[in-house]
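Input: a single structure, listed below in structure tokens.
The chains carry the letters A, B, C and D, assigned in the order they are written, with residues numbered from 1 in each.
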Amino acid sequence: MVDNDARDFAPDDADGSPFARDDHFHDECGVFGVYGHPEAAALTALGLHALQHRGQEAAGIVTYDGQQFHIERHIGLVGDNFAKPAVMARLKGNRAIGHTRYATTGGQVLRNVQPMFAEFHGGGFAVAHNGNLTNALTLQRQLQLRGSIFQSTSDTETVIHLAATSSKGPLVDRFIDALRQVEGAYAFVALSDKKLIGVRDPLGVRPLVLGDVDGCFVLASETCALDIIGGTVIREIEPGEMVVITDEGLESIRPFAEASSRFCIFEYVYFARPDSIFGGTSVYTVRKRIGQELAREAPVDADVVIPVPDSGNPAAMGFAEAAGLPFDLGIIRNHYVGRTFIQPTDAIRHMGVKLKHNPNRSVIEGKRVILVDDSIVRGTTSQKIVQMVRDAGALEVHMRIASPPTVDPCFYGVDTPEKAKLIAARMSLDELAAYINVDSLAFLSIDGLYRAVGNASRNRNAPQFCDACFTGEYPTRLTDRALAGGGRSLNLLVESQ
Amino acid sequence: MVDNDARDFAPDDADGSPFARDDHFHDECGVFGVYGHPEAAALTALGLHALQHRGQEAAGIVTYDGQQFHIERHIGLVGDNFAKPAVMARLKGNRAIGHTRYATTGGQVLRNVQPMFAEFHGGGFAVAHNGNLTNALTLQRQLQLRGSIFQSTSDTETVIHLAATSSKGPLVDRFIDALRQVEGAYAFVALSDKKLIGVRDPLGVRPLVLGDVDGCFVLASETCALDIIGGTVIREIEPGEMVVITDEGLESIRPFAEASSRFCIFEYVYFARPDSIFGGTSVYTVRKRIGQELAREAPVDADVVIPVPDSGNPAAMGFAEAAGLPFDLGIIRNHYVGRTFIQPTDAIRHMGVKLKHNPNRSVIEGKRVILVDDSIVRGTTSQKIVQMVRDAGALEVHMRIASPPTVDPCFYGVDTPEKAKLIAARMSLDELAAYINVDSLAFLSIDGLYRAVGNASRNRNAPQFCDACFTGEYPTRLTDRALAGGGRSLNLLVESQ
Amino acid sequence: MVDNDARDFAPDDADGSPFARDDHFHDECGVFGVYGHPEAAALTALGLHALQHRGQEAAGIVTYDGQQFHIERHIGLVGDNFAKPAVMARLKGNRAIGHTRYATTGGQVLRNVQPMFAEFHGGGFAVAHNGNLTNALTLQRQLQLRGSIFQSTSDTETVIHLAATSSKGPLVDRFIDALRQVEGAYAFVALSDKKLIGVRDPLGVRPLVLGDVDGCFVLASETCALDIIGGTVIREIEPGEMVVITDEGLESIRPFAEASSRFCIFEYVYFARPDSIFGGTSVYTVRKRIGQELAREAPVDADVVIPVPDSGNPAAMGFAEAAGLPFDLGIIRNHYVGRTFIQPTDAIRHMGVKLKHNPNRSVIEGKRVILVDDSIVRGTTSQKIVQMVRDAGALEVHMRIASPPTVDPCFYGVDTPEKAKLIAARMSLDELAAYINVDSLAFLSIDGLYRAVGNASRNRNAPQFCDACFTGEYPTRLTDRALAGGGRSLNLLVESQ
Amino acid sequence: MVDNDARDFAPDDADGSPFARDDHFHDECGVFGVYGHPEAAALTALGLHALQHRGQEAAGIVTYDGQQFHIERHIGLVGDNFAKPAVMARLKGNRAIGHTRYATTGGQVLRNVQPMFAEFHGGGFAVAHNGNLTNALTLQRQLQLRGSIFQSTSDTETVIHLAATSSKGPLVDRFIDALRQVEGAYAFVALSDKKLIGVRDPLGVRPLVLGDVDGCFVLASETCALDIIGGTVIREIEPGEMVVITDEGLESIRPFAEASSRFCIFEYVYFARPDSIFGGTSVYTVRKRIGQELAREAPVDADVVIPVPDSGNPAAMGFAEAAGLPFDLGIIRNHYVGRTFIQPTDAIRHMGVKLKHNPNRSVIEGKRVILVDDSIVRGTTSQKIVQMVRDAGALEVHMRIASPPTVDPCFYGVDTPEKAKLIAARMSLDELAAYINVDSLAFLSIDGLYRAVGNASRNRNAPQFCDACFTGEYPTRLTDRALAGGGRSLNLLVESQ
């Protein structure tokens, strides 16, 4: 889910911290759910820890103990907050859902942290969400006119209000009634006093997998969240499928009209963990294949292939392999990053402080270097890294990017700058090469990317994936986009807690 | 306001802390509002500090700066939280409302702290409340059926939802529409982007005064909140009156059917600060008169009159004066009390730890002592204090209580034990005297109390005050009381923040 | 004890908080010790709570469990820090000493909080101290030359280093050796692995009493610390006496040359709690007698006697009694004060914010008022209170002060401004009356004060008390005062913890 | 430096956190100093951030502003504590030293965090230390007999007391006098009001480099701390060399008898960052050479070489290169680790929770795998990783270790288990291979290691490095080891702060 008021956040220079935005698109959430396990909260915490790359700023868990729901939501890493025995002891019960979250506005606002919880006439209802609804604001305004009171800027709350005011009876019917009114991309997990529910939008843009641990059903954004707890993958939840898990087992429902799958292709490029598996193929394998495609599409005479760590590693290995060139770790990454890292004063900024990356001069000096990175968003980090590699003695620097140019923002639960800040939307290839100061620059073609994920090519009439960030072809309506005045909808600016 | 789930809280032994419940009824909230002053938040913090005796566990302030609302709500004393420059700096704007609060359930839950804020279709709306609605749960259930989602157990939120779902147009009309549906006692302050609103229930059970500071209108529960900021009293808001303060000035509205005033008589006995003024008479003066009435009704031959400090002081002085006996400070009170004070272990509890009171032996030894206290609720504190005075060498101990026996709980925003725990409802006067181990015991008569507040006597057909805790005659319906299953209405047990 | 670097702290305006310095001299520490009781830490916490008026900014407790010492030192009230079960659980053992502390410099520095602990060759040694050494800096410089390393600015540490570097063998001998080198006033409690030690300086300037609880020896600054735990007073430790408490019982040692007692007479005026007893007479009784003396020395025709609460209460009662005038509570004090209270902005300061005191108009209006206060230090508070009483409608205001003019600073563990800031040292009586704007002003005479404490008069050749703050006659040498450069001796300005 | 009371800390299972000890030897500290730069504190914070791998549990910085020293010491990562503007603003001055620290005992005790500071007669003196003194306890006992009082268990404090009690005059002479009495390994940085001092022990066991940033001298444990601030390396401080940096420049002193260098060879194996340079060669290059040596010494027929990330990466790459086998990332590491990570309950421990590592099945399945790790300490992690790789479908698992067997503990500032817990000291190669369940196991030979660092072979009569952990040949005396009763020397168990 995306905060409506977070859309504009786009620092120009955010080096060094997982919390500062680096120069990437970022998936905004991971979700997890488990039903019937005595260690439900602990498994959820572990699952969220494995999904931490999908959202590092806050996390929450809701459990149900047969009598009461329990909720814990905290700003910060899963491991910092959900390792505390006191926190875990409060999360009683054998079913749980959890959420880890990327973006918030300047002041991190706890009321926007998920899962969200509401008291319905028939009982409690907790919901967590990965994705974004493209008509949430429009619906919110209609609901407010009707008397619904919003506590947050989250589109998750819109769905909760839609369910609360539904004319249907049972909770599942209300939830379906709500989902039929929304547009956009989503993977929800929800918990009532009787049920654990998982659902993907009709196009299946965001991922959600079904697994098993100790004979209990588990839902998670990626398979790596099953691996960490020793679980096994059963299958992916299908696009447009809702699964309802109760004491009686799992029921699969198809509440929506049939549609062709449009899974997010950027999950392969950058969002997902390399050890996760989608459609039977590991993300790591796809990334190596991407590197191979790239080497074939844009070869260059050079001495060494160096990844921008860590996300560029597999593509760089694939590139080196296909190009028959040595692969080497020419840039060392410092993984010790604090919560809010040292902001260099102006006085020392000019020194070229290298909080996150340091060149490994012995690998670079006197060499013609091919740098492989996964994507370029604003270009600022690329510029710095190229300069750093040149300062370390590279004779030539050739940049190869393991995806097509990102020229359009994402509206499906990914933190992206507006189009005007996407450097590839503003510059030609030559301009961009000059801007980041490389001897040559190449992006993977869109068809190359489709080949790497296993298709012969992109079907232009009915693309097999959502690739809107590369093509501008959005697979759903973008209703809110037309709203006058844009996203802000709350009058309460800051709620400090 | 009262949390619906806080009604049963009744520790048997709570000595020593303003946070532990001592053996008193406690008024549960103080409210404050100011319109048009550049120091709105600071004045509100000061006003709440002066009203701290009405609620010590949490406080909140909402301001509006012409563009945005700002809210700060914190567990703890006003002076601990609203002295911080960073907190105050966030409370921008020249209009504000504030709330200080007594009771919460075991885990102090921030979401129940006031003011409450909601986004309405037409803008933000913040509300704070002193009192309690006796049909809040009934209304809440109706609202939930309609699709309203509750975030708290507060009856304040019920009123907000009633306003949100009202079919009326303008905010004031919606608020009136909501208030016409509620029963009980209340003094609300509310803030929209254009208006500061104050309103008392039709019987005027809870107090609300209108004042002026630097030419700006101020609303406050008691006059002492005007004194602290150098303000002046204009008048009391009348029972059933709503005042709407805007840039254009103050408008007085009478939304309800006319009714006779039933101001809470216990405000005079204990709740209000002695330096506050109601109906032109200071509470201190009434309390001295109460002591005088008591001396006339229940004289006894003795050597010294000693108050149970500090609430018994004025009545003891009045008693001594009328009885022609010396007044002396025979019990010393320790005002240094921590947030959650030292819980004596069982091993040292028997030693008779005296956290809060210590006898002043030089005043007591060898004397026949008259102890004056304001009321007896459970009797446990009285028992200890009598024993302490005997241990300090008193020859006789005569207890005089500056109010009639409290035999019924209050449902109008006061924290009282259920009837079965009110010792005066369970014991005869003689039994109670024996229980607390005094040589004689007397309570003020109900007519004596009415005389002290300036009436010839209580009008039995139409009592001039709400005195339900002494008489069981409740001036409003108690609709929720009939609800099966009682108060609890939320499925979410703990939300830690 | 006094921080050498805290001597100059003297805010001109410190209204409203126990932490802000109000316009009083302040005793700077309370000490407590207990030996052999299974609840040693809890009793110490309770004792320190009863001594909280002697120091409100920090507190510490050291226990010994037969194997190890345990220490907890915290900024803040005893009840805020030592009520936490986790803190108390760490303080294992059946013997303990504790300390509560008034003054620190701007940044409250934990390393100066007592008790102090040192590893000696023969074992651990913890020391806490009430008083001040007047040659501590001189000794510190000698010790530093010898290689001793100081961690704090506390004179307590000077004594510890003197003991550590003593040529004597056993710990008690080393401690005595150290004490024989120091000048000033002190009451120490100390704890080794075998002994609880208490000692008063040869003149007995600062108090220390010996008590019993459950058959165990207790040491405390005042008797009220015995009352709170249900203990009994055995006797006062005598001036120049050291008591050494072990499993074998109590041994009394006289390490110093005989000297006449010079107990601090200001303990009666203001420092001690009214329910504490020194020399068989309660402080409350002395204060009432002071009021009586004052009424005899400086009568005035008036309608009502009003105390400046709470410290002026007993003297005002004594005054009213002797003068045959009514006593009334004309000023109400707000006891809810936060840690660091609301600093009024300049914009609202002029409004005459009344954080701490509010006049009770009904008692004052149209009356000729006698105000009784215990002392005047800088005069700023008196000025404000007189104005407040006039604004409330007093016809005349006569100020009576329950002590002689304070014209000299204290160097014996009391926080006093330098002489130039003592208003009575700078102004004649008439000037002062004009400054604080009263119709008449009178101080108690020094002989009147001596009469109130039970002497016929002050013995000018050999005063029975230390009264240096009234007379400038210091009973010990003031060696450090002559040091060039004054007090500061540490190069480390801030240690944040 | 090493806490004397930390020597025994050796959890058997510490997976998943940089704070939990994983199965490695750990260097215990990094030091940094800068003289004359306006951004001294910020540069020091950045330098410590780059040295974070040398100590992750606490960090401290001392600055001097020409008048006063300022100190900040905090538990936690540099980036968490020294990013706060308030902290940095307190660290005024243009010279600074800093320290980052690995080990503490169970309760992390702030008083042991460095730099340590002492008030000397002539001024303040701050010291930070990487290494360990092998006669610190012996010296401490002598100093205590003389009257020195210790505040910590740190051997750094021993050196400070030696300097304080030295009979020499100037500070540098006192410091040299102190160092001449100590045995062991050390790299000190020290700051007085006039000087920044750096010194390495006569054998140069621990590293210290001299650099330049903006024309100012910098001292740091590794060159990567110069890189981060855009500095340049001047040279390494030589074994036994002291440099004294003042406004006049740098003076080099040789206070000790000449000795042959015995630099710690384990710095190359694991401690240092790969991008750091010692003796002109990057650590990364040495590690790749180690992998090449290992491939030559212990070849095996297999399909893929997989590192245990991240420390095994370069050696694995070198191995793959030399063996002509593919290198692949078969194990994915989760870098999001919390402060105190989730402790799996017993109930879920058996599930094989994989907090830190997850196999990349696509790379492993059906393959004969060579796993390359840098060392084996207790063997527990190796056991788990091998099992994990087998579960992911490996046909064979061959383990190759990039160092000789670690059979002896280090006493020079490295956190190592006692000998009995070093698995290679207890088992033969075959036993160990069986224990960790591999098809084959080989360690690098000691001569192979010497070859990788550039020597023809180890000189058995005068080894070129300290390799005591592999050989048991300690280059200094181990005086404290003979002390009866072992390390503990403080009676104060817990000081909570």
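In this text, a residue touches a chain if its C-beta (ideal position, glycine included) is under 8 Å from a C-beta of that chain, and two chains touch if they have at least 3 such contacts.
If you're wondering where the values come from, they're calculated on a predicted model, not measured in any experiment.
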Hopping only between chains that touch, the fewest steps from chain A to chain C number 2
Counting C-beta pairs in contact for A-B and for B-C, the higher total belongs to B-C
Outermost chain relative to chain B, judged by CA means, is D
Whole-Å distance, C-alpha centre of chain B to that of chain D, is 62
Taking each chain's mean CA coordinate, chain B and chain C are separated, in whole Å, by 36
Whole-angstrom distance, CA centroid of chain A to CA centroid of chain B, is 50
In chain B, the residues touching two or more other chains are none
Each pair of chains that touches is included here, namely A-B, A-D, B-C, C-D
Listed in rising order, chain A residues that touch chain B in their complex are 68-73, 87, 90, 110, 117-121, 123-124, 141, 144-151, 160-161, 164-166, 193, 489-497
The chain C residues in contact with chain B across the complex are 17-18, 38-39, 42-43, 45-46, 49-50, 52-53, 56, 77-85, 213-214, 224, 227-230, 273-275, 277, 281-282, 284-285, 310, 313-314, 317, 321, 326-329, 332, 334-345, 347-348, 351-355, 358-363
